[in-house]
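Next come two complexes, and both contain chain A; in the first it sits with chain B, in the second with chain C.
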Partner chain A sequence: MTSTDHTQTSGLGFVGQSVKRVEDDRLLRGHGSYVADVTPEGVLHAHFVRSTVAHANIARIDVAAARRAPGVVKVITGAEMKELTNPFPPFMMLPNMYTPLYWALSDDKVRLVGDPVAIIVAESRYLAEDAAQLVEIDYEPLTPVASISDAFNSSKDQLWEKADGNVLFDNTDTFGDIDSVFADADRIVTERFSCQRQSNQPMETRGTVVEVDPESQHLTITNATQSSHALRWIIAALTGKQSTATSLKSFVTNKERRTNLLAGLKAFVDEHSEDLAKADNAGAVSQFKKDKSFPLHLNRISANLAGKTDYPTVVAQDIGGGFGAKGSIAREDIAVAVAAIELGRSVKWIEDRVENLIDGGQAREEDLTVSIALDNDGTFRGLKVDLIMDQGAYPGFPIGAAFITQVMKVMYPGSYKWDAFQVTTKVVCTNKGKYIAYRGPWANETWVRERIIDIAARALRMSPTDLRLKNMIGEADMPTEMITGPTLDVTMSTRKCLERLVYEMDVPAFEAKRAAAAEEGRVLGLGFACFHEAAPGPPNYMDAINPGSGAASDEKARTVVQADGSVKIYTPQMPHGQSHETTYAQIAADELGVNIDDIELIWGNTDKTNFSAIGTGGSRGGPIGGGSVKYGTRELRKLIAAKAADMLEASVDDIEITGGNIHVAGVPSRGLSFAEVAQAKVGESAPGATEAFEATVNYRGKGDGGWSCAAHACVVEVDLDTGLVSIPRYVVVEDCGPIINPAIVDGQVRGGVAQGIGAVLYEGLSYDADANIQTTTYMDYLVPTAMEIPEIDIVHLETLSPGENDFRGVGEGGMIGAPAALTNAIEDALASRGARVTKQYLPPTTILEMAGVIDPDPNSDR
Partner chain B sequence: MSNTTQVGETASLACTINGAAFAVEVDPRRTLSDVIREDAGLTGTHLGCEHGVCGACTILVDGEPARSCLMLGVQANGHDITTIEGLANGDELHPIQQAMHESHGFQCAFCSPGFLMSTVALLAENPSPTRAEIREELSGNICRCTGYESIIKGVETAVELLAGNEPEQTGQTGQTGQTGQESAQ
Partner chain C sequence: MKNPPFVYHQAHSLSEAIELLATYGEDGKVLAGGQSLLPTMALRLGPPEHVIDISAVPDLDTIGLDADGGVSLGALVRHAEAERSDDVRRLAPLISEAMPHVGHRAIRTRGTVVGSIAHADPAAEMPAVCLATGATMIAASSQGERTIPAAEFFDGYLTTALRPDELLTHVKFPAWSAQSGGAVVEVSRRHGDYALAGLACRVDLSGDAVTDAALAFFGVDSTPVRVPEAEAALVGKPPTAEAFAEAASIVSTTLTPTADIHGSTNYRRHLAGVLTTRGLKTAASRIGVSA
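Moving on, here comes the complex of A and B:
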């Protein structure tokens, strides 16, 4: 082991230990509070009427009978909703991209099976669903757009009138002299890959409960959201639509409102001036060229936000997983809020699983044609990728095709050296569920890169790991940068991960096993894959994605010692399984010299937490949220120590805090408690002060690195009778730097790998030729169980970065590496039979087709 | 709709839930899971799919595991229901709950009530299952967060606790998880 290969703080404090989860007592007793558990007195229940056809104009919708049905209190149609709300605006506008505007409900046209066309609010969900049966809708069918090839077929009807056909984005980015590199290289290996549509499928579906204060009409929204502040702002922006003139009048006449809003905006602009200066308006120009109504809607939204004196409060407690799906702000979130506003009564909506499979969030459906130019000695020269992403009917909001294609663009080159790189990105729309972020949203950049490397290795008769290591950036090359821009420091340790993994997997021993198995007619394969990911990445990573987008990447924890000496930390993070209560308590307890139990984490309430555009997602909980807790509590300790130094008549430099005892070094017996110091401090304040000390630090990561890395490998056995693939060995060597809690990191890695295994062997959303979804239950969409997921071995490397070590994220990686390692292993197993894996989804029939056991199904679409 | 009841008519349901008598007039079409969650106010039982696959809503009916989303409330009439809230003994966690805590069993924990109730039933039937038996018995419950290893480890730890043994210290969820220092070989 190298000298850097150690835990920074292990044994010295709580960080680095597998501290047992603070969350568990509540959750294991069944005392958690998930959104479905929130039932305010007198709450009404919502149900959505959804389209039964994929693509049609609505000729007529008649809700009269539904309005008269027992228990029904309100029905709002799409046309009515359009009068009451603003459309979802484009979130990230790119040059050459058109992002359709859309409303909470559809009025004149439906674009997928499940498109919401009306919301029914009744005294119970049962009665609301009864009433839905009474809604009559006449559809005028349009030609369905059921696949990427349909989207390029000009005879198919357009989903969006203002688009050019069904292609919404077509753009090429080039880095280096791609043409001469490809002309000059010894050989070019090209393959076309396709990835099936997948879904996040958290065990808790989406849901929202909108409470209306009978006096003030203030909204309190309990929602299973990964991003409470974004939800609050978007609900404020899109609901309560009023004319721009009314909004502006309210803004002009309310001085307090005006002052507060302008001060808030000024603070944000001041804090992010460098980022904001990098942003240009090229994307907005493209958008305006396609949609002249865009500025009008943007003005209305802005004026609406400015004119409102009261934004909703979003609260959330326990959330049953998300994996990106709950970072989306849903059309349903808006519709339910509008129903509550219109009624002045509380309304609850809990999505069912069928709805969740239809439009709760889908991902990954991409075709990628990849060419690698390389020399005969294995030197990588150039890489070309042609991506077509199927974003479905409605754009994911806020994270959708715009953001994800740009992350993919930056990350395709991976941890390797290239002379040139080019990517062409096309985004198409089809009559399918919305494409959103799903754990490691950009992961197909790793899948296709690591696949084409294996294919090239076979062509060159080189070992796939030798070929990787020959071209991989290592410490000797640093500091350096990716060809797409982001800087790389020693935290980009993929090379160390792979070297270690090669050792762990003992390839010669595996080859002996493979040969012995072959004697028995058994078929084994071994596959490797590796990657690095921004966790959080260097500051110029966000610039490479889209200039200026770094303005959304920082976060502030507010850290407080209460008058009674207790410690509270207010985070804008939205934990949904990542164990923030435990890890943040570990960080804060170490900084403050107190115990885990002394820390209380407060999250989920937008009145109590600082603004964060993102919340929890993108592996940010450890690095960004954890960083703001670490530096915040460090400042808080200084304040406590200064006051205690006064009280103890000592120098502040001599103050130590251990186990909550604040004392002069060497004399713990004459120490002070947090309560004593806090009491003394509040004694100096105005009567009634509840907080003794407070510190808030804004954090966004620093330095030239901030990368997390991993190498994955697995051994597979393919059963040529059944087409089943088993995974007798799976090993991950991961490096997320200093680990806060090893057991929690292990859980993140294993959970991600499980989803990656699901992606390859079990999970695929399926649509028929008319774009009717076929996978609407868990009997059709197969989420793996304990029978399918193998034991996964994990080796942690903990490469330290230069200077003060900050935490690095680990949430996405398992899912990024697994599909690549597994498909590489399957191709390795079947290579002698001439198989080449070009699809990510490899159910038993596809395995048997590839192995030549059965003939390919001519009608198969995936 | 049944021939014998009309919309709006109710039926009587009397059962015990976690040892306490419970009686309510219910709509005959109301699911048992809704009765438990809404009428009895025991929201620890979760609904993940409402079509009997994910297992989050698993409860015990007369000691046998059942999907409460696939039962009507009235079918519980005269039976003993146990839900997740019935496991702990006051402040003291049930050994299976304690074992899951020791093993970092869950993450978001939305699925945990179903896994815990299935494990109660499994260990009542087979107090020392093999790892393969645990995997098979728990294959009726879906977890999306963990990859299952920590849950299986939790069941194994529960076996030890229920047998009165001190479980081995689980510094990490997986036996094979290694830190950099430990793994120098």
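Moving on, here comes the complex of A and C:
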């Protein structure tokens, strides 16, 4: 597939072609604009004073010397912050779950190394860091909770007073008659798996610049966020705390505000009545039982939002990656905004890499005990999973343990048929960084399922791919549904992906290679894994996770032809590496009949874009965001064609647009330009009008499905001298439906696979027994580089489903499949030496221990 | 991650550098390539109050050819310059062997060879090369110049025999014999990382037998270390796979590397043995012997 220019010549349209990335020229020449590039005149710089111990009560904090230090203009402590802000509320509440409330800074207790206890604002970051060293804190140590087993140890101190020990959630869901299925099956294979803590590690860390208008006090916030509107609302909700009575008084007395807000609320409820009717309050009841103060804070937050007339403007431009981390709204985001509000001056904070590794977002630390019940002929009968998730100290917001455990619950069964399924989910808290969404946040469901299937295949002496295919749902079974609820339609094409991959990998040829290598003392292995993922999934997918939450998923693009004929598209998406500028231009250019360079995409500014609760995340950019662009520009074309038909004295049905030339079919030489039509239209409007045509379309997906699927396989060579693993071959067969831009899909798949390889061979956050983090620089947290990542071959299948806008998301799958395929290959390589892979993280020491080359160190906890 | 305040001094001559060290050496650090010093300062890990920049001192950037057939590297010779130097390749080939393993190219462009030796990171390549070649440290202070043999230079983790008022101006590598074969081998988790374990080794041959051997390991202790028992076991024997395996076995049982998050004690001990075999085999091949 070769890259394509930005001018259409073939008549085939841009969608489906590897159009060169619009973003590249700007970004590769260093002309991108990131948060760190924004330095308003007179801006002040923030630095956080962070706890140096993992778990302690704060007996005393003395910031007097810091306040007197050179260049310091403001110090806010945790106690002061509590007076100025509302706490972070639980975002998604589940029955049997308790979500602790917490504030932007900690006041009386610290719960991890790096817990922010004060913010220092100074003339420079250097001076702020100097002042931080003058802050005196007396800690009264509490016992550190450094691991999942510590969390279940009742002799350890409790992180959250209102919890039951350090367990925040314990719940079992059962689908089918699990007990009789397990009693009836020929055999049960059980294994306990553990996955290490990982970190998203975007190239650009988090950061925020809060500018204060000296006249109006309006805030403009430039922030590295995946979700600009959510950030805007949360900052409005949590800052400027006032009593509920004061808020309500302001709301009641401001008629315009009241009318607008109620109208907006009514419109939302009307539009989403079906979804909202499914929601229940069982989770809120659980929360209230644990924390009676919760309704008070929730009321205050709601009243604060209602009473305020001015919400901040959030601006976000280029983002250097996020992988989920920048969908989080952080305590630092609130603290910096509060500092700016208090000072009436602009304040900037750029997270440094040490801060980012300590608490910029962590993920995946889970223990999973999995049992598969199956018959001797290989028929899958039942599946049981017992998950324990270590959510760290503070809940991820808005996406944290609540949401991620529920996606895992729905997805464990994968693309296979089961008679019964049961999952027990426990969430514990420890003195570690916060657990957040990381590319394919539920990915360990695939890892443990595909691992236990390989282990079962070995027990049955069956080929692991035969065993998978024997039990896999195929087109003949459709329509059907997962045992956990969501509908499976033709887009769930895992079977086709795996069948194709088996062909690509040529297992007999590999076995011959393996035997030849063994003659030379070399050790090879081959591993497969496959999955389907919601991209964005059928409507009942969100209901299976959390009934009613589908209400948050729609999106409105606003499309415009300017007075000068140029086309602008305003999207609530927040691109951070996904190439929206290119793919949306491809979609829009095809609808409008213009070239790629005629389209300008505008994003990030909440004053200019429509509300979206999510922004970019959840594999929605292609199908949902792209759909709103498609149908928006289609409406826009109708408006242009109607005006042009008037001008050309032709029927609107005869109007064609090619390469920006609007003409009657067959007579392109007498066409009009967009500028001419736009000028004519603007001439009819009020003077000063800048927009000739405008169309906004709300889009919720095409309604009947949307799964992306893939099968991954890799060949590994394990060096038994050094424990190093190389990957001579890696193949992905993926199916995200019709492809907008193959080169961009390849990039997404390869980037995801690279992170999945990182998860197995390189990336492990490490805490010692006292919960001190040991991986605080890139010398110790190893992100793979181009040198470590092999060639990755990709085969695209493009299964179509009925109807238009059949695109499916593809950003997450690479990361979901890779750890499973790679660990399966490593076990395959070492199986003859009796090795069984139960950990996701396999550094060289672990490889040689598994292979029996070395013994574990005495007293080692590895 | 911004460095704390410090006083910056730029030395324009060797005598000025020595004078500054005499005054500020106790609370000061020498800045040459800055590849280790500056990150340490940004992390505020025991940062110096005075930084004495020697980058403008003339004549320290030269690779000198010594009368005895060896080479001397001045304190401002960058890794990249040593890597490219034909003189170094000819007269001190073990340095050339080590260079590709030092960090990444960008680091080698700024970092200095002598700076790496003075910094004495036990996982770095050059301190071990100094041990394996029997290099001599030349240190200058207001009290004059003194020489320190490599074997007496590395005292502990990031600690050397240099006094606070001394500047390591040159490191002298002795003449390399035509009967010597050398190799630097290491294993790191990623390209360019510090080694999990590494070896700088040398074997001298006369006729069919090893007459001398040096096995200097890095990344296995608080300083680079030689393993005399394994070296002695090689001497007098022909350079065969069996002899190398015996040395490797002695290495594995002698060393007790510290465990960290990247590798256990047993792993590093095993790896040191593997590197012994690999290193000696490569070293022998450099003088045309295949073992």
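Criterion: the second predicted complex is superposed on the first by the 843 of 862 C-alpha atoms of A that agree within 3 Å, B and C clash if a C-alpha of one lies under 4 Å from a C-alpha of the other, contacts with A are read in each partner's own complex, and residues count from 1 in each chain.
Definition applied: a contact is a pair of C-beta atoms (placed from the backbone, for glycine too) under 8 Å apart; a residue touches a chain by one contact, two chains touch by 3 or more.
What you see is a predicted model, and the numbers here were worked out from it, not measured in a lab.
Touching A:M779 in the superposition: chain B (first), chain C (second), both, neither?
So A:M779 meets both chain B and chain C here.
For A:A476 in the superposed arrangement: first (chain B), second (chain C), both or neither?
In the superposition, A:A476 touches no partner, neither chain B nor chain C.
Between chain B and chain C, point out the one touching more chain A residues.
After superposing on chain A, more of chain A is contacted by B.
Touching A:A509, do we find chain B (first), chain C (second), both, or neither?
So A:A509 meets neither chain B nor chain C here.
Tell me which partner A:E129 touches in the superposition: chain B (first), chain C (second), both or neither.
second
Taking the superposition as given, does A:I744 touch the first partner, chain B, the second, chain C, both, or neither?
first
Once the shared chain is lined up, is A:R29 touching chain B (first), chain C (second), both, or neither of them?
first
Looking at the overlay, does A:K20 come into contact with chain B only (first), chain C only (second), both, or neither?
The answer is first: A:K20 touches chain B but not chain C.
In the superposed arrangement, which partner chain does A:S766 touch: chain B (first), chain C (second), both, or neither?
A:S766 contacts chain C only, not chain B.
Would you check which partner chain A:A686 touches, where first means chain B only, second means chain C only, and both and neither mean what they say?
Neither partner.
Residues of chain A that sit at the chain B interface in one complex and at the chain C interface in the other, please.
Shared contact residues on chain A: 126, 130, 352-354, 777, 779, 785, 787.
Spell out the part of chain A that touches chain B in their complex, as residue ranges.
1, 5-7, 10, 18, 20-21, 23-25, 27-34, 36-37, 39, 70, 126, 130, 201-205, 318-321, 323, 350, 352-354, 576-579, 739, 742-744, 746-747, 750-755, 777-779, 783, 785-787, 789, 791-798, 814
Going by the contact rule set out above, which residues of chain B touch chain A in the complex?
So the residues of chain B in touch with chain A come to 7-8, 27, 29-30, 37-38, 42-51, 53-54, 56, 83-85, 87-88, 93, 97, 100-102, 104, 106-113, 116, 134-136, 138-152, 170-174, 176-181, 183-184.
Residues of chain A touching chain C in their complex?
125-126, 129-130, 133, 352-354, 721-724, 762, 764, 766, 774-775, 777, 779-780, 782, 784-785, 787-788, 843-845, 848-849, 853-857, 860, 862
Can you tell me which positions in chain C touch chain A when the two form their complex?
1-5, 43-44, 187, 189-194, 196, 259, 261-267, 270-271, 274, 278
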